[in-house]
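Before I ask anything, let me first share the structure, which is written out below as structure tokens.
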Amino acid sequence: MTDMATNNDIVPPAKSSLLALDARTQRRNREESTFKALGLGAVGIGMLFLLILLTTIVSNGVGAFTQTFINVPVYLDPAKLDKKGERNLDDIKKVSTFGYSPLVLNGLLELVQENGIDTPFEKSKQMKSLVSASAAAKVRDYVIANPDQIGETVTFNLLAASRVDGYLKDRVKREDVARDKNISAEHLDLVDELVKAGIVKKGFNWSFITGADASESRAEQAGIGVAMMGSFFMMLVVLLLSLPIGVAASIYLEEFAPQNKFTDLIEVNISNLAAVPSIVFGILGLAVFIQFMHLPQSAPLVGGLVLTLMTLPTIIISTRAALKAVPSSIRQAALGVGASKMQSVFHHVLPLAMPGILTGTIIGLAQALGETAPLLLIGMVGYIASNPPDGIVSGFMDPNSAMPAQIYEWAKRADPAYYERAWGGIIILLLFLLTMNVIAVILRRRFERRW
Amino acid sequence: MPSNWLVLIVLALATIGFVIGRARAIQSAGGETRDLHSLPSYYGTHVAMMAAVPAIGLLLIWLIAQPLIINSSVASSIPDSAIAETDLGLVMSDVRRVADGLDVAVSQGAMTTQDAQNLNADETDVRAELAKVGVALGSDVSVPILEAAQDYRQKSKVGSMAMAAAVLTLVAGGMFFAVGRTNKSFRARNVVESGIKTLLLAAASLAILTTLGIVLSLVFNTVEFFKLYPLSEFFFGLTWAPSFGGGSELGFLPLLWGTLYISIIALAVAVPIGLFAAIYLSEYASPKMRSVAKPLIEILAGIPTIVYGLFALLTVGPLLVSIFGADGVGIMKAGTAVMTAGLVMGVMLIPFVSSLSDDIINAVPQSLRDGSYGLGATRSETIKQVVLPAALPGIVGAILLAASRAIGETMIVVLGAGAAARLSLNPFEAMTTVTAKIVSQLTGDADFASPEALVAFALAMALFIITLGLNVVALYIVRKYREQYE
Amino acid sequence: MFDTDNAKNTMTQTDIKFSAKNVQVFYGENHAIKDVNVELEDKTVTAFIGPSGCGKSTFLRCLNRMNDTIDICKVKGDILLDGEDIYDKRVDPVQLRAKVGMVFQKPNPFPKSIYDNVAYGPRIHGLARSKAELDEIVEKSLRGAAIWNEVKDRLDAPGTGLSGGQQQRLCIARAIATKPEVLLMDEPCSALDPIATAQVEELIDDLRKDFSVVIVTHSMQQAARVSQKTAFFHLGNLVEFGETPQIFTNPEDERTESYITGRIG
């Protein structure tokens, strides 16, 4: 061995057994495990964040789906509701909710006394803290719909006040009540008794899913239903515009575009638009659609237009990928039997690429559905649409909000009761997104071809 | 004639054109469709296309151009005395509102067309009249404004009539021309196909129009802003203190600092975690683990930013306050702070960094890894000394894209970062960002023509240029990188 | 360093570097190598020939456990290097590969400078105590790979900027810089032009003085030119193994003959 070393440039290293690790290899293996652990840790942290986020959302938001109700028998006093006694609907309508409020509170007070609940409250006005301000309106609507019930005692399932609801959901704590002018500790004692008596109950809150937003002071009444309609009409606009335009643009770029400067310009624009911050699209919508074209503010139509421009690049990119995946043998086969280029694309390539295109479109829609920032600039926030749109035109043109904008609006309000609604709104929003993504995955699994 | 009726009429005429064109082609071939150059429906489509497409194009252009032309013509007729107190834009919006109100009144039958035209602001309380039909006006209507509004209505009416006439003439002309050249040897398919190709090109060009729309709306309003507010004070001002009464200080630097500070914290969270996750998933994880973990992490990217915003405001903020606030370390006053927004934004960017890096690491050829393993390198040595250096340009590109995302992110900072503009180094203080201020300046009640509102466009312009620059550089680097290994 | 004497004894006694007994390789369901028994000598060039897909590359990659990087690959049987089972649980493939270097089909220089390419192995294995020593190793290796004169003035230039033949010689220099005992070459000339091939072949002949070289090749002429021993693989079997002249002039198995005369391939 030694003379070899002297004779040659390359010196073979001293022999060592493979079966024993030398110190250096041991150290390198330790470094290896550390590095691997760091990687695993990073993956773990990512998943941990996801877990934290989802548990936070669910644990905070699930409360929004239940609401506290009070069962109150209300005596519909003819002396108050229909002074003339003629049951004339116009006369009945003249009585405002202020006229109904005392009846409801009286009913509640009597109920408390009948049940023998010990309470310091003797006046019906003091019951006000327990019942939602919307209760009187509910009774009034009922009376206007059934004027013949005046003079009877009807039991209503009325919304409890937000504080009562919060108390039963552990949001309002006894120690905080001292500073709260809306409710007192005695009221909470009363609530405890009423719960025992089965008069105050928690129930599933349909009106959160179907209802409209409410004013600051009536958190218990607020729902996301109308904003959902706004989102729905916006998504309709996005779908109807971005799918045909996106497909047309992709077909042009993938199948027909010549190699020239103009095509390059289009390509550069699309890839850059995909990365422009969404708020800039809001500015575009504000300046072009509202300032310049005088389209109505806060209208889902405008929101839809802005989101269309925003999602088009995403849709074009995925549609082009779907078109590219169709092998050129298909095109050649069609051209070979004498179809024109246009016919080969529309008869063969496009149908084969359709599942991929739809998958991309659904994912683009999901992205648009969750987008908030541009909507703030075109006035789809802070506006309380009290009724769902009453027709298709009104759905597109009348001021409305959208789910994410509604969530933002609730997040900004001072009453913590609204935070629960915001988290609840997020649960609904995420359910929609989940559904859309599941549909996209199913589409892809079901129709994906391997060429 | 309302424009949607016009569209319907055009479409109906086009359908009739389809039938005529098809029939004429078959007739010219003597009923023998095999003698035709193209399929019969192509002849029909040809006529329909020639009838509808130019007409609808004209309609769209007219609808956009007419208000502009009428606006400027009416504006020039308003006496200066009426504009003296405010500015022209506000007066014109009053004019339009009154004109719209009169339209409503006429359509509801509260006034005849004649009445509306003959109203005199000195004799009638126009505001009250319009309030009856549900049109609320902000102030009483003065004589010049009413006259301008009547003028506006008159011109709009004439314009609409002219538009209807022009559009219908174009339909008829197109149809006549198309039917005229229909015969059995006419190459209808080729013409229709080139027409469709033009439509496809138009759809593709929408991307250019969008960019143009963004640039123009930013440039015009930014120029307006700099007419009202000095450029140097905007770019070098150290104070951001808008006051809607006037005398605002609108310095850009505090906002830029807030934006960059939050972005830096976000990247400090997202880059190491995202990069290590990508390395683990592409180099170590079994295919099974990869197929589970990768989609799970990418869910984070699919969650809307409003959710992260709420998470920052209601969960992370209070949590940080409980640690660093008055009860703990005592350096944090409120939940909304640079740290809050930065951390949450970092979480949002993790999947962004990891999936981009994952693609880039996978693009490094296996032969380089084999070369390194063949020399007796461990996996981590191979990754650190061969794979990462080879992937470096791509990873830098990915980080730049993430930075551009962070700078342009809005909802997290609107909810999590606070509203006060500050030049401070304490990450536990509230600061604000460019995007947050764009939102707050444009969602308040500010007069649209005031510098306080217009500044949002200047901010958006700066944001657009910064993110565009980052994107262009990043996309260039990533493309060069991919070409290297293709 | 522990069993130095022992290892030395094994070497001097037999002069057999690698000895494979009943080696089987599976790729998932696919039985890629069937029952291969072979002994490879030190200071010898051994060529593996055979039609594509016959398992010659697979077997080569078993010798330094490069197959470990493929999840579905399973190796059975014993492969002994200097009498030690390289698939023993105690063996770290990293240490094994330092002893059994490898050159690949396509030149794969790292996107680093020429110097860093060659210094990579010595650095990770800690072979140099100082910069001067490292410089010396790099120079020796580049000289050993017969490329020193072409690159000595541009050691800082990226290795990817060299021509194909130079890149492959750089990869050889990189492999010998770690001072291996065996050098595995997987079709090292298949991506090169004839002139570069001639240079590399000449180099392989030189390398024989210091290493045991195992080369997989598609080209029978190449095997005849550079090797002393030849092994013919067919459908995962080692059909014939012997002195190169003997295999090419007077093969024992008719499959070998069919291949050499071009009837299968």
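Letters are used for the chains, namely A, B and C, taken in the order the chains are written, and counting of residues starts over at 1 for each.
Assume a contact is a pair of C-beta atoms (placed from the backbone, for glycine too) under 8 Å apart; a residue touches a chain by one contact, two chains touch by 3 or more.
The chain list, named the UniProt way, goes like this: A = Phosphate transport system permease protein PstA; B = Phosphate transport system permease protein; C = Phosphate import ATP-binding protein PstB.
Every value quoted in this text rests on a predicted model; they were computed, and no experiment measured them.
More C-beta pairs in contact connect the chains of A-B than those of the other pair, out of B-C and A-B. Chain centres were defined as the mean of their Cα atoms; on that basis the chain farthest from chain B turns out to be C.
A separation of 60 Å divides the Cα centre of chain B from that of chain C. We define each chain's centre as the mean of its Cα atoms; on that basis chain A and chain B are separated by 21 Å. Multi-chain contact residues of chain A (touching two or more other chains) are listed as 28-29. Residue positions of chain C touching 2 or more other chains: 94-96, 99, 124-125. Of all residues in chain B, those touching 2 or more other chains are 378, 381, listed in ascending order.
Looking at the complex, you find that chain B touches chain A at residues 64, 67, 96, 189-190, 193, 196-197, 199-208, 210-211, 213-214, 217-218, 220-221, 272-277, 279-281, 283-285, 293, 296-297, 299-300, 302-307, 309-311, 313-315, 347, 350-351, 354, 378-381, 383-384, 401, 404-405, 407-411, 414-415, 435, 438-439, 442-443, 448, 456-457, 460, 463-464, 467-468, 471-472, 475. Looking at the complex, you find that chain A touches chain B at residues 28-29, 31-32, 35-36, 38-43, 45-47, 49-50, 53, 56-57, 60, 244-246, 248-249, 251-253, 256-257, 265-266, 269-273, 275-281, 283-284, 286-288, 291-294, 309, 312-313, 316, 340-342, 366, 369-373, 376-377, 379, 381-382, 404, 407-408, 411-412, 419, 422-423, 426, 429-430, 433, 437.
The touching residues of chain B, counted against chain C in their complex, run 286-287, 365, 367-378, 381, 385-386, 389-390. Interface residues of chain C, counted against chain B in their complex, comprise 64, 66, 69, 71, 94-99, 101-104, 106, 108-112, 120-121, 124-125, 171, 174-175, 178, 184.
Considering their complex, residues 1-4, 6-8, 11, 81-82, 84, 86, 88, 90-92, 94-96, 99, 124-127, 140-141, 143-144, 176, 179, 181, 209-211 of chain C touch chain A.
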